Structure formats: structure tokens, C-alpha cells
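All chains are identified by letter, namely A, B, C, D and E, in their written order; residue positions are counted from 1 within each chain.
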């Protein structure tokens, strides 16, 4: 079964390896952005697609990650690697506190509470001039000299993002991942088969936030500067948009969405000043005519798809 | 309370607003029983189940299960401790396949849900397939559970309840929506579980052929209170029960 | 602290609250009935303000210009709402929440640009009617007379909506439809018409609020973004779909804002989010909502 | 003929569920649609009501074509529908649930249904008058949905497994009420798996299996036809 | 690499085409276009490099601004990026321009942070920065306070970088110049505030002798209009708030005459400079309106660049930046020079009393006070200290 999937994954990865060699610097930067935003979107989809809750404050964790890396590198001179790890830890810690409250709610209430918390984080970063630089943001976040060029940072990001996405994929296919799907589908039933659903949801929330934090951490050195806008609600809308355009049902949906969205932003804003109109119309079209997103389309018509999982052909053998 | 009982309920009360849904219910079961609770619509049967499984908190009274006071436990803890239930309105995972539905419950039972890094696909294959066969869902394993007909959903509901290997199984109208033959099959399975695996079972039903065909003890609820308890023939003969529930023979 | 100061703050808080109520009530109505969280609500509010400018501009030689421009603007925004419902919203009733959110968010972008194309980037100023341009004094405390008008309209809208939802069968239908459109439809109730009606009504109120906002300051692009989140908070605090809830929470938010200026000047907005978070944690269905909705 | 269903094919997405379904109901008749689990009973009723529109075929109500019409339009022509999954409006009270459905179709004559008449039919609802629908017991919800549909004074009522989950006493009551409705001239088409209830109230029956009508005839003939009962109803 | 003759000069502008800043930037864009047209009419820079103009939207967000800038640099191959409405965007763009060795001239945003710390030799500032503006206000206000015997004051400033830095500089400078003035309360309305009633009542209740405001753009309009409806300005003097030509034109009817306002580059102050007179004429001819401060400064930016190129005799940005170092250039605001230490143009700030003028269909400033750049900018030793402090971290 999984063979086809692996072939595809391999092909895409090879393309990602080779593509930059033929692209100009600008497009390499766009590709890097796609990778980072893709990671952000996939981490969002851990909550949205697999837990069934719409987090409208996911940018908060992205922003916390970005500021952790930024501040550690600029103010404390820490190298990039440990800063990135710290980003994950910090975002996870914040998520642990805020998530404790969020996971008690569902639906629109979950969405709005996450948003309210997100805005709070935004305000803290925005107002704390002495530490975060307020809305001026933080400048001078430079990757180590080795990674300063567009290409080298791209390959670095590719490495980190691939590893992170792979980990999330493994989680999504694990019993824990299926438990999340079960919670999304019917939280009450899950409780009655004996699961402490809140604990599981909180863990998932924290893990998702950690990867969002990692994405944020990658952003600062890429962009050379960060600003509080990174955790404003507009930014929280970005992964929502990517995921829905790409399709929330499949694991790769958000990645596809990231490609489309980032490309659109880089491309459309270049040729028309009416980019909001253009993007708005595109979103409208997608929502109206492409339910399930691009991945939904692929699922309907594509052959690339793994068959829906059933019982094994040989129930006795196979498993250890 | 006496350790002989697997379930012992004392003076249980629950009111919703002005409505006394459960009043002063005292009830106990010995291990290995196969019993039924009957009563008119709105008598409080489902509420009784809700109270002992931790879905609602009782206003008053105590629930002892396997000797432990579980009155204030949350529902997942009670389930984990060995009490499982199937709901009246089927309560399954509609967007997962039937196979995944059952596997999920089995993984919970095997305490493997915290595993973040193994592929779920490779786990619990044998158990899942077995349980699907036992509950007669084998041919549906690939179907999205939400699109199955009512009767099949009820069977899946039962499978989910069984998956966690309960000591006490509560079934709320397990055969509602099933045809006569399916009803029979399902109840045979229930009886077998009871007989061969020693699972204690308590169910509710409005289908009298089921109730009198399988239950070895019968309890009648009316307006939240117990009005009769005993062997089926005795209960059937009870005048009050006749009046409020059975009417003359259908 | 002296009393007249507190009173003045309370009055200004009330006027702020009323402005919020006018925006939030339509939002709450549309969400309460159709389960659609309309991100574009504030943008339509802004369209109302611009429309008010246009009508005022055309009529400005007359004394009654503003008085006529306000209802005309509200009606035209209602019309825009109707078009939006028929062309877009109606197609996503049975979609999931995020898709609806995204669609209305797309509307924000589209409408924003359409506004820019129609009215340009410069600020629009609407002169207030002469009778509302001088302050009035209540117990020696000055208040902008225009806000007396705003407060009056706020209460009038409240009463009219309340009557509509409580005293007509409409209200029940609308609540039932939230649960199952299919079943309501099977009972012979023409859902599309009801939905269109509610949406248009909600947008009409937004337009009215925008038109009234027009003469307050200047009408500019991007104004909608500053209010939309606050309006969400108001609706959440009051409880989705609860009209009295929306009213009470509007006033609370307005007052909290007004007084936080005295005590914690930088934190006014943050306080509103904190308040929202607390309400959601303690009482997710809001001050006046019912838990079943949650 | 009040209802005439002709050559109907229905799909859920891409899966073909109903094949060439034909059936009719005469005025004043009580007709039963029998079939086991998953046979297509619910789908048939939903198709008639316009909730799951059929792809091909025709559905005539009072000789007017209903295919392609929205459910509310069909309801306004005098058709009522009681779903199998109840769909009681949870945050309305019992009374509000009932009042919501009040409707007098065009050309309706006779005494319209009222809340009090519904309470007469189902006395146990009366004491729940002000309770929220979401908190009713399973059986209570079942009664409420039937009552709610009656409030619309439909000429033809579609009932999907109406007595599922009702206590025996209530089932018996219900059967007698349906007979009473019949004597008032009410037309009913209901689905059922439970033969004994069908036998008690219906005049005519269809048997459906795997989306095809396999048998039709009077209820007496059916009860005598052991072969059909064995093959399609598993009795 | 020496540019060939006839090779076009790619000029980029990263401005807020959408969102809050669109109003100011529209004027900026129009002025840039006019300047480009004029220069191209003579064959372009050095008479042989016709200018190709690329305009990108910053969305008024630093991140988008960075992307827009990279886009300009990498795809459009621009040699200069004219900038931005928002200071945060300017600050974010600065290191990117430095990295790719592209000139950066922020001509609307004026936070001092653009030139004060994280100094980039590629960034040249042609706007009086927030320190200079604050100093100008303070000079004016201190004189007024002395004359009128004012003792207490309150501030109201938009809660973001520009509002904050302006307010802080003003308060600090006032403390030096008029030590007995007492600040009784600070108010911080958020950016985008539409309703100032609560601020107005709160300030009035404090009864300060005067109020200093740092509110920009549309927020300023809303604030002034509402304050007026409360009779605020009749009771409390409000000297030195930012009232640019844009506001003078837009609020022609409603603006309180007699208000003391501040602006950055009012064309009417320099109608005696031929370059200005010609610019106003050409602008008016082309767009049928008067140029705002923002138009003036973007126009000067293009011409400043032109003179740098001429001095360097090359369009190579590294050379142009060296040529501009300390250079004196002709601008619409007269002959001005870039200060060595921070590349800040020695431009003036302007204070005046809002009053009607028969020459224009809108009020302008009377009793205009021009506070020269060298009189108002931050002393060099303070800059050195600030940069040293930055290094230490």
C-alpha cells in the first residue's frame, strides 16, 4: 500500500533538493518562505484537522517562537540551533498554560478563546518596548555566516522542516494521532471508552504549538527582523487559509496550501495593487467550488492516493 | 458495602429543574448477572445509566463499583476501571471506518494511545478483526461508520463497548432499530459474553421478547423510582407493572 | 477622584458601548440564527459610513442632509447584504465553520478593495448636523451631543429587535434552524427566505451603525479592522444570539474601556481580551447564552 | 391517488441506493414500507420528502410533480415527515417545538391540530410542556416529533420507524391512535421493521430490499406469504 | 561593474498602497512619478540611464515590507528603494538593503530609530526625524508656556512606535528647556481608534494648562473632530500636534483656526525656492491638487538621489552612497546637507498657526516658524553614546 506514497514523497523531496539550483534568488527565498509557512500550517492542522478544533490564535505560538529565537540571538548572542530548540520549548510552555483553558471549550468558543489569548500575547509583545522593541520589532537577527546566503538557508530550512513534518506525520499515524481523530469525531464516546480526553487534547495542543514555535524560530533569521505582527490575528488566519485551500483532511493539504498561498502573495502582489481583491476572489472560488481543498480534488480524481485503511489482508501474520 | 456486589447503588437521586428523574434508587448486582431494567419512556432508565457511568453527577446517593466509591469519578476513569456502556442513540465515530472505530477502543484498552511514534496501522490487528467478526460487522470494516444503517450502527456501538473488556456492561436499548433476526443474533452474543466470559450485564429494552427471553432478573423503574425487582415471571405478574408499562399482552 | 469625572467617563463609556452594540447586534443576530460568524460585518459597517458620505455629499446643501443620508445609507448596505447572501453566503450554509469564516474573510478583502476603488484612499469627512455639533451639559459634565443621538438609536434598535425576536414566531424558527435546517425545512418553513431575511436585517443594522459612525470622525480605509475583533468580543461576552446579552456586554466593554483609560492607559484593549477570556473560561456560552448552544 | 412514486433512483454521492422504486398511496390509506436494516426505507422516505433528491424518476403528490422541489415547498403542499433520528429542537421547549410547526396547508378542511390535541394523543408530553427538547428521554423525543409533524396538518404523513424505542404500552396506544387517525381520513406512509406493529395498523404493505421494491400487496396477503417474510424480512 | 550607457536605472518604491498608510503614500507615489517623468525627459540619470519605476505594497507590515523589498531588489534589480509609510517597515527594510548594497531612502516614516542605532551607510533620511520634530515642538511650546504662564500639561499619543518616540522625546526635551512644567498624565489611544470620547472627557477632567498630542493621520482627524465637538480646544490649548498639508486640505472646513500645528514639509513655506515653485506648478498641473508634505519629501528623495549619482558619476549604489555622504543637495526646501554621523538631511520642521489664506482654498500656517535641522537634531555625542550602549548588548 504505502509504496506509492513513498514514491511521491521521494519525488517531491528530490524536487525540493534540485529546484533551487535552477531558480533565481528571489524564488529561492519564496521557496524558503513556503517551507516555513508550510511547517506552520501543518502544525496548525494538528489541532484543526486532527483534533477538530479551529485555533484562531495559532500565530501566538509562532510569534513566541520567533521572538524567543530573535531575542536569544540578538540580545544574548546564542547560536541558531539552541535558539530554535528554545523556541519550541518556550512556545510549548506558553501553550501549556493557555491550552489548559482552551481545551475545555469546543467549536466557535475554542476559536475565539484561542484568538483572545493570541491577541493578549500580541499585546504583550507589542507593549513591552524595553524587551521586545514594541512595534518596531527586532532587527539584526542574522543566521550564522554559513547560512547567510539564500541558498544555504534554504537547505537548512528544508532539513529542519522535513524533519519536523516527518515527526508530525509519524505522530498523525500513531495511536495518539488516531486518538485525536477519535476526539474530533466524537469526544463523548472517547471519554466513555476510558480516555482522559482533556489530557490528550492538551498534549496535542502543546505539541502543535511547539512546531509552530519552531516555524517562528526559523522565520526571524530568514527575514532578518521580526515584528509583533507575526502574532496578530491576521497571521493566525494564514494557516487557516492555507489549510482550507490545501485541504484539511490529508496530511499534505496544508503544505499544498502553503505553496499556493505564498506563491500567490509573492506573485499577485507583484503585478496588481488590487491584490486583496484578487486574493479574495480566489479564496471565494476555492471555498465555493473546491470543498475539501486541493487535496480533496486530488482525492477525488487522483491516483496518487493511499487506499483507505482497512484491516490487514492477513490478520494473523505481518505484525510483530 | 458487601464485597459480593460488583455494583451497588445507594439512594441515588437526580433532579433536572423540577423534574425528579431518579429518586432514591437503591440497586445492586452480583458478578455474572444478566439483568434488565424496564420502564415507560422517561422513567429514568438512561438517566440511571448516566449517573452510574459518571456522565451526570448525582444530587444524592452513592455508587460503588467493584468495591470502590466511584460517585465523583469522571466518566473516563470509571470506564477505565471496567464499566462500559452502549448508548441508546448510537454514539460512534462517524468519520472513521468501522475498523478504525473498533481499533481505537482496543488501543485504549491496551493502554497504547500515548504512543506517539508507532504506526497505529500495525497495532491490534488481530483483536480488531476478531471483535468485528464477533459482532457481525466483518463485511462493513471498510465503511465509513456514519453512513451505515441504524441497525449496524447499534452493533458497532456494542462493539465499542465490548472492546475495552469491561467487567460490567451497560446496554441502553441495544437492539433498537434491528430486525427480528438481528435482534436475536445480538442478544445471543450478549448472552454468550455473559455466560462464557462472565461479564456482568445490565440492559434496558422496550422489546418484551428480548427482555423476557434473556434477562434473568428484571427491575422496573417508574417516574424515577424502583417499583419492582425480581425474577421476570414475578415482575410480569406484578399489577403495578402491568398498569404502568406492559398493558395487557401485546 | 471627583464624582463629575466619574460621571463623565461613564457617559463616554456608554456612548462607546452603544456604538459597539450597533455593530455587534447584527453580528450576533446573524451568528445566532445562521451560525455564520461574519468577518465582513465591520467592513459592511464601513461601507455604511462611506455610503453615508456619498449621500451626504449629494445633499450637503440642505440642512437635513445627514438625517436623510443615514437611512439611505443603511438601506443601500442592506441591499448589498442581500446580494452577498444570494450570491455567496447561501452556498455555504451547510459547510463547516472555518470555510464560512474564510469566505467572509475573503469578503473583507474584496469589499475593502471595492471601497478603495469606489471612494479612493483619502479620508472622507461628513459635517455633523448643526444641532449636534455643540456639546451639551448633563449635570455640569459636557458630552458630545451627537452621542446622545447615538445612544438613542442604540436603544431604539435594541427594542425593535427584541420585539421582533420575542414576539414573533420568527425567533423560534430561527433558533430551531440553528439545530437542523433540514428538519425545519421539512416542517414547511422556507429556510432560504428566512435566512436571507435575517442576513439582510443584520447587515442593514451594520449599515445603519456605519452611517451613524460617519459623522463621528473621518471615514477611512481600514477602520473596520480596528472594530471587528472588539465586536466579536462583545458578542462572546454577551452570549451568541442573545440580544440582551449583547446589549449588556456592549455597555460593559464600553465602560471597562472608558475607565481603564484612567487607570491603565495602555491596557484598555488588552483588558477587553482578558475579559473575553475570563468569560469564555467561566461561562463559555456567555453571560446570557444557554449552555446547550455550547 | 395522493402519492405516486415512479421509477425512482437515488444516490448518496456516488453510491446508488434506490433502484427503480415504484409505489403509490391512496387517500385515506395507511401503507407500510417494510424492510430490514439498510434496505432503503429511510432513503425512500427522504427522497419523497425532497431531502435526498432522486436522480431520475418522478414523485407526484396530488398529481403535481415534486421532484426537484425543496422540502419546504413539498411540506407546504401537505406532506409531513417524521425522521428516524428525531431531530427535536434542543433549545426550544416542548411547546415551542410544537408551535413552531403550526401550518394549515392550502385546501385543508377539518379540525386543525393544536398543542392540546397532541397532548391528548401523547399524554406523557403534557407534563413536559416547558422542558427543553434537548433533555427529553428517547421515547419522549419520538412522541414529540410525531406530534410536531401533525401540527402542520399534513394530508400525507411519512413516518420513519415511529414506534422504535417506545414502551409497549405506548406502542399499543400509538397503534390505536393511528387507527383513530385513519378513521379521520388521515393518510399515512410509514416504514417499519417490526411486522407485528405493521400488521396491527397498516392496510397495505411494500417490502423493500437492497433498494428495490420486492413485494406489494395487502397486509393480510403479506402476513400469509411465508416466502417473502423469510427472504426479505427474516422472520 | 560599470553600467553601460542606456542601461535603465531601476528605481523601487516600497509604500503602503493598501491599508492605513494609503492616503499619505498616494501623494508620495504621485510625486515620485512626476520626478521620474521630469528626469526621464532629459534622458534619465546622467542623461543616459532612463529610470524604470517599480512600486510595491508593504501592506504596512514589516514582514511584507521585507518581502516587497527583496522582490524589488532581486527580481526588479532596483538600485534604490524609496520608502515607507511605517517606521517599523523602514527599520525592517534597512538591513535588507544593506545586505544587498542597495540605497534606501525612507521619505515618509521618520522614527529616529531608522538612523540612530543599527546604522546602515546605505540609508539616507530626508524627513525631519521624530527627535527633530519633537525638538521643534518643544522650542515653540516652551516659548508659549513662558508667555502664557502655563504650568501643567498632559500628553495624548498613539500607542505605537512613532507616537511613543515622539511623546518621549517631547517630554524629555521639555524637561530640559522648561523644567517647571509638570506632566500630569499620559494617554495612549491604540492605533486605529475611532472614538476618542473617553480620552477627551478624561483629559478635560485633569484640567491641564495645555495638551501635547502625537496622533497621526486618520486617527488625528477623528480625535480633532471629536475634541472639537466637546468644546475641547476652546478650553485647553493644543499646541504643536502634527497637522500636515494633507489634513489642512482635508479638514479645510472644520479645522479650528488659531490652532498651533506642526508639519514636516509644507510647500507654502518655500514658494520662494524656484525648485519648489516649479514642483508645485507641475504637480498641480498633472494631478490638479496641491502637494502634501509626503509628496514634497518623496520628490526630494528622487532629486537627492539624482544629485548623488551625478556626484558619483555612476549609478553604482556603493559609489552613490559614498558620494552622498555629507553631501549638500538642492531640494525644494532649499540647500540642505546630510549629516555625516547618521545620514540625516538637515531639513527643517515647521510650526505655525492655522489660518485662512486667500491664495489657497484651504487654511495654511501663518506666523510660520522654521526650526532648522541643525538646531533641532540630536547632538552627535548622544548618538555616539546610544550606539555604544547598543554595542554593549
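Going forward, a residue touches a chain if its C-beta (ideal position, glycine included) is under 8 Å from a C-beta of that chain, and two chains touch if they have at least 3 such contacts.
Because the structure is a prediction, the values reported are computed rather than measured.
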Min route length, chain touch network, subunit A to subunit C, equals 1
Under the touch definition above, the chains in contact with both subunit D and subunit E are C
Check: interface with higher C-beta contact count, A-E vs B-D, is B-D
Looking at Cα centroids only, farthest away from subunit B lies chain E
Most remote chain w.r.t. Subunit A, using mean C-alpha positions, is D
Taking each chain's centre as the mean of its CA atoms, subunit B sits from subunit E at a distance in Å of 75
Separation of the C-alpha centres, subunit A versus subunit D, in whole Å, is 49
Taking each chain's mean CA coordinate, subunit C and subunit E are separated, in whole Å, by 36
Cα centre of subunit A to Cα centre of subunit B, whole Å, reads 42
In subunit A, the residues touching two or more other chains are 127, 276
Shared-interface residues of subunit E (touching two or more other chains) are 18, 159
Subunit C touches at least 2 other chains through residues 112-113, 266, 269
Among line, ring, star, complete and other, the chain touch graph is other
One finds touching chains in the pairs A-B, A-C, A-E, B-D, C-D, C-E
Note: in the complex, subunit D contacts subunit B through residues 12, 36-39, 42, 84-86, 124, 128, 131, 135-140, 142-143, 161, 164-172, 193-196, 233-235
Residue positions on subunit C within touch of subunit E in the complex are 2, 4-5, 8-9, 11-13, 15-16, 19, 112-113, 116, 121-123, 125, 127-128, 133-135, 141-147, 213, 216-218, 220-223, 225-227, 257-258, 261-262, 265-266, 268-269
Given the complex, residues on subunit D that touch subunit C span 49, 51, 70-73, 75-76, 80-81, 83, 87, 89-92, 96-97, 99-101, 103, 105, 132, 134, 148-149, 152
Per the touch rule above, subunit E residues touching subunit C in the complex are 18-20, 22-23, 26, 159, 185-188, 190-202, 204-205, 218, 221-223, 225-226, 229-231, 250-251, 253-254
Seen from subunit A, its contact residues with subunit E in the complex are 24-26, 29, 33, 75, 127, 129, 134-137, 139-140, 223-227, 229-230, 265-266, 269-270, 273, 275-276
